[in-house]
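Multiple structures follow.
Both complexes shown next keep chain A, but they swap its partner, so chain B is in the first and chain C is in the second.
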Partner chain A sequence: MGAFDPLITYEKGTYIETDTGNKVSRRAVIAGATNIILGGKSIIQSGAILRGDLRRATAGQHVVISMGRYCLIGENAVLRPPGKIYKGVFTFYPVKIADYVHIGPSCVIEAAQIGHGVEIGKGCILGKFVIIKDLVVLLPDTVLPEGTVVPSLTVWGGNPGRCIESLPETYQETVEARCKGYYQRFRPSPSPSSVPA
Partner chain B sequence: MSVLYNCPHLDQPHPPYPPSYPSSSSSFSPLSHLYFCEECDAIRCDQCVAVEVASYFCPNCLFDVPSANVRADRNKCARSCFACPLCKTSMAIQATETKSAEGSSVSGPPYLLVCPGCKWSSREIGWEFSKPTGLAHQLQKINTQQELVQSEFDALKDHLESYVSLSSTAPTYKSSSASRNPSRHISQLTQMAAKALHRDVPGMAASSARTRTRSLGFGVGKAGKEGPAEWDDLGEYKAKGSWKMIGLENGMQDVETMRELQETGGVGPAGLSSRWSNSWEADKMSKSMHPQRISLQTKSTKRCPDTGCRHLLIQPDAKGVRMKIKMVALNYVPSIELGRRKRRIQSGNLAQPTPEELERRRRDRRRVRGVVEEEDEDIRKRLQAGEVYNFQLAFTNPLYDPIQIRLTQPHQPKSAPTPNHLIFIPTQHFTVAALKDAWAYDDDEEEDDPMLGLEGSEGASEEGLGSVGKRSRLSALGSGSLRDKRGRDSGVDKKANTTKVGLEIEVLPGATGPVEFDLEVRYKYRADEPVHAEKEASGKEGASESIAGKEEYKTFTFWIRIKAGDVASA
Partner chain C sequence: MSRSVQPAKITAHSTVLLSQDTDLRGHLTFGAGCVVHPKACILALGGPIEFGRDCVIEELAVVVNRGKDVMRIGDANVFQVACRIEAPSIGNGNTFQPRSRATSNVHISDNCTLSAGTVCLPLVIDLEPGTTETLPSYTVIHSSLSERRIWDGTGQSAEDNLKEKHIEYLREIMPKYNRMRVI
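Take a look at the complex of A and B:
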C-alpha cells in the first residue's frame, strides 16, 4: 500500500524534530507546552494551535493534551480541551488522543477522547466532550455537536454529523500503514545544492 | 482509477466476464473488503459470506444489549438514548436550573431532552422526566394510548377474534363438497390471521396482557348449515366511538395543516428521513415528531458460504475493535496498485493505424516500437484517445515467503465488444520479495544475486505461458535477495516486499468512456506445511508440486480489474 504516494516535503528548518521523532512546526502555536504529551513520531504542522494552557484550576501537574504515536495535526487546526461548569466551578477536562490519529487542516477540536486510528477530514468541527472510539473516519466538513459518541468502525459526515457507513474489518491495518507511510514521507526538501540532476 | 479484485462467488475459479459486460461488476470489490477462506483456498466477498449477529450494542451509550432483550426492546436502546426528531443527533439530558433560597442556582428535576445540535427541547411536546436515568422506561408509562383508543382497539379485536377462532375450528367435521364454504378451505389463512391478530401493535397494550373471555357463542349454530349466507358469517361491528362525535374542529385542523405545508423547518412538514422510521399513521408535520429511541447496531460474525466448509472468517471480540478470527484477503493475496503514469511523446509518424495493423497488434500484444521519449503525467488527468501511456503496477507481498507472479490478460469471449484500448505487459514473470520486519530489508540491499538479473527481463514474456521454468523456480529457492540489477532498464523496480512492473496502454483513436481491463494474476508461493498426496488431490487448485525434495509450492490464481481512467471527450 502507498507504493506510489509522493513525498511530502517541508523546508528544512521550519520544523523542529524531537528525540522521539516528533516534528513540530516553528509556526505552530503551542501554549502551555509542559501540559502537552506527544507520544513520538507525531507531526504538528504550521499554523496549528494547541491550547495546553487551558488546564484545571486546581494546583498540581495536569496533563491537558496527550497524544499517541504517528499522529498528525494539520495546518491551522485548533485543539483545545473541553470545559464545563461542574459543581458551580468552571473546569477544563483533558483531551486524550490515541495512536494513528490524523486531524485534517482547519479543524476545531474540543473532543474529550479520540481513539486509535481515527481520520478527521479537513474543516471538521468537534464539539465539547465528543468521544470518538477506535477506527473512525470523519468526512471533510463534518460537524459533531457537543457530547456526540461515535462508535468504532464507522464513517460519519454532514452537519450535524451522522453515521453514513461502516468500515471493513481490515481498516486497522490500512490506517496504520497509511499513518506510518505519511510520517516516513514527511521529509525536509533537499537543499537546492544537493538536488540530483 | 482503481484496482478491484474478483470474487468467484462460490464458483470454480474462472476468468470473469470482461468490463464491457456490466453484470460482471458485481463480482469485483476492493481488496480491503474481501475475505479469504484457507480451507477452500478461495477469495470470499461481502456479498457471499454468511453473516450472523454476534452481539448488539447501542451506538450512543455503547451498552452491550443481551440478545435476549433485543426483541422486547424492539431493536432500540432501552436506556436513555434518544435521537432528535429534527436532526437525528443523539439528545442530551438537561436538568432544570432553579434558584435556591440562598440565591445560587441549583439544578434538579424536571429533566428534559435537549438536542445539542439544533437546540430542540422535549418541552415542546411536553416531555418532562422526574429522574435523569432510564428515560425510555419512564416514557413507556407516560406514552400509552388514551383509554378511548385502547378500548376501541380491544373491542374490534374481540370482534374479529370470534370470527377467526370460529372458522379455524370448523375443519374438524367434514362438510360435503356441495357446500362451498370458503372459510373451511382456508383454515391456514385463518390461522395466520389469528396470529396477526395477536401480534403486538406499537402503542397498544399487548393482547396477552389483557386476557378476555372469548365470545365463542357467536354464530356457532349457523356454522353447520349449508347455504349462500355462510360465505361470510362476520357480524356487523358497532364502533364504540364515532368520527361524528369528534366534530367539525377536525376540519379546522386540516386547514391549519394545509397552511403550514407552505412552511419549512420546525413548523412545516417533516423530512422523509425523520418520518421513515415512524409508524404508518404518523402525522406528517415536524411539530408532531417525537424523539425516537436510538436503533441498536450489531457486530457480525462472518462465515465461509461454502456449504461443506462454513469456517469462520470474521469473529469480532465483544470488547474493542480486535477480531478473534480475521481471515482477510489482504493477508493472503498481493496488493496491487496502479501509478506513475507516463505519456509517450509521439515522434513524427502520426498516421492512423490501419485496421489490419490494429488487429495484428492486438494478436501479438506487442509494444509499439520506435518511440522512446516519455513524460510524466498526473494520474488523475483524463486520458487522450490515440495516445500511448506507460503505467506502473506495484505488487506488495503480504506473505513471509517470496512469491513468483505471472501476469497475463484473460481471454475475451468471442462475442465481446472490442475494447477501446490495447494492453502490453512487458514483464509477465517476476518475483516479489517476502514480507519482513522493516529493519531486515536494509541488509538485503547490500547483497546481490546475479542470477536474479535474468528475472523480469523482457525475454521472459516472449517465451509464452509455459515459462514458469527452472529459472524462476531457482529464484524462489534462493530467496536471499531479490534485488534486480537491471531492474530500471526493463521497468522492474524492486524495493522491500514491493515490486513495480511496467504496463503499457494504448488508447485507440476515437475511444470514449472508461479504460478498463482485467488481468489474470497467478502467483506461486511456498506452502506452510508439506502437503500430503491425498490432500493435494482434493485441493481446489491442485497445482502444488514438489520441488527440490521437501519444498512444497502452491499456486493461486485471481483476477483483477483495473480502471486506468476515462478518455477525455474530444
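Take a look at the complex of A and C:
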C-alpha cells in the first residue's frame, strides 16, 4: 500500500475511460447499461458480467446496479440483482454498492446491499438478498447463503460463511487508502515510444 | 488437438428464449419455455442434450455431455451462475446453485439441490469406470465438505411457485435488453 507499489497496467485500447474516471473493460459484458450507475473512479475488469437488464417489474426508470466511488469489479465476476415474489408478483430488487468496495475475480454476487469499504476475496459466492454492512472482509472462496447479514468490522470466511474475527476501528483509513492507491496504480501501459531508452 | 467446431443443430419449441451471446454446440433440444442467459455454455460434445420444459440456464453455466448416449434433462431445472454439470441424466425440479459441480457418473433424480460451491460425487470412492450411481430425490448437497441430507419437502409448493414466476418474468424482460437468437 506504500508509494512504491508496482503499477497495474493494461493495454491502452482495452479499457474505456469515462468523464468521471470510471474504467470499464471492453471485454466486460454489460447488459442493460442504462440501468447501471457508476459513481466515478471505479474499475470494471475484463470478463465481468453486470446484469442491469434484470430490472423491477413496474414501469418507469429503475436503477438496477448502483455503485459508489473507488470500486473494483474483478475479472470474470458476476453481479446480478436478487429476485423474489412480493405480493404475488416476481420482481428483481436493486443492488446497492457503496464506496471503496473491492470485489475479487470470479465472484458471484446476488447481494442486495454492500456497504462502505468492503473487500470481497476471489471466488466468493454471495446468495440472494445478502446484506453486508460497512468495513467487512470476506476471505477468498467464502459462500454466504441467501439472506445473510454481515455486521460491520468483521472478517468472514468458509462455506457456509462464518464470522472469524473482528477488525480494528482504524480499518476505515487503511481500506480507503488502499482503494485509492489501487485506482491510481491502475493505468494504461506506457507506449513503447514514450519509454526512455 | 483442436476439435473442429460444427454449427449447433438446435431444435427448440417456439417459446424458447436463447440469448445471442451463448456457446451452443452439437445436437440440442429445448422443451417449451426454456430460457438461456447470455454467456451460458451448452456443449453436446458426444451425444445430444435434451432439455425438458421451463429450464433456466444462467450466465457462465456449463452443461456438457461427453458420453455417447442422450443426456436427458427433465422439466423446471435451474442451472445457476457458473455451475458445471456433466451428469448423464437429470430429473425434474433440480436447482444447481452458483459454482456447483456434478460429475458424469452420478444420475440426478428429482427436486435435488446442489448448494453453492459444492460438488456431487459418487458415494463409492472406487466406483468402477463405466458404472454410475443415482442421487436420490430430494437430496440437498451442502457446505464445504459437500455433505448430503434429504429435504422433507416443506415449502415445496412455494419453491415451485417461485421458479414458475421467475421464468415467467424472465420471458417478459429478457428480450427487451438482450439480443436473442432467432430460431
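What to note about this one:
The rule we apply is simple: the second predicted complex is superposed on the first by the 196 of 197 C-alpha atoms of A that agree within 3 Å, B and C clash if a C-alpha of one lies under 4 Å from a C-alpha of the other, contacts with A are read in each partner's own complex, and residues count from 1 in each chain.
Keep this in mind: contacts are C-beta pairs under 8 Å (C-beta built on N, C-alpha and C of every residue); 3 or more make two chains touch, one makes a residue touch a chain.
Everything numeric in this text was worked out from a predicted model, so none of it was measured.
In the superposition on chain A, contact of A:Phe90 is made with chain C only, not with chain B. By the document's definition of touching, of the two partners only chain B reaches A:Leu153; chain C does not. By the document's definition of touching, neither partner reaches A:Glu165: not chain B, not chain C. Residue contacts after overlaying the shared chain place A:Glu173 against chain B, while chain C stays out of touching range.
Looking at the shared chain after the overlay, A:Pro145 reaches both chain B and chain C. Using the contact criterion defined above for the overlaid structures, shared-chain residue A:Val78 touches chain C, although it does not reach chain B. Once the two complexes are laid over each other on the shared chain, residue contacts for A:Glu17 go to neither chain B nor chain C. By the touch criterion stated above, A:Gly127 is placed in contact with chain B and with chain C alike.
Legend: residue contacts after superposition of the two complexes on their common chain; A:Ile49 is shown touching chain C, with no touch to chain B. Overlaid on A, the two complexes show chain B and chain C touching the same residues of chain A, namely 127, 143, 145, 160.
Of all residues in chain A, those touching chain B in their complex are 1-4, 88, 116, 127, 133-135, 143, 145-149, 151-154, 160, 162-163, 168-174. Chain contact summary for the complex, chain A toward chain C: residues 29, 31-32, 49, 51-55, 57, 76, 78, 80, 83-85, 89-92, 106, 108, 110, 123, 125, 127, 141, 143, 145, 158-160. Across the interface of their complex, chain A is touched by residues 21, 38-39, 59-60, 81-82, 97-99, 115-118, 142-144, 161-162, 165-166, 168-169, 173-174, 176-178 of chain C. If you check the complex, the residues on chain B that touch chain A are 32-33, 57, 59-62, 87-90, 92, 104, 115-118, 297, 314, 320-321, 323, 326, 328, 330, 335, 337-340, 379, 392, 394, 396, 498, 500.
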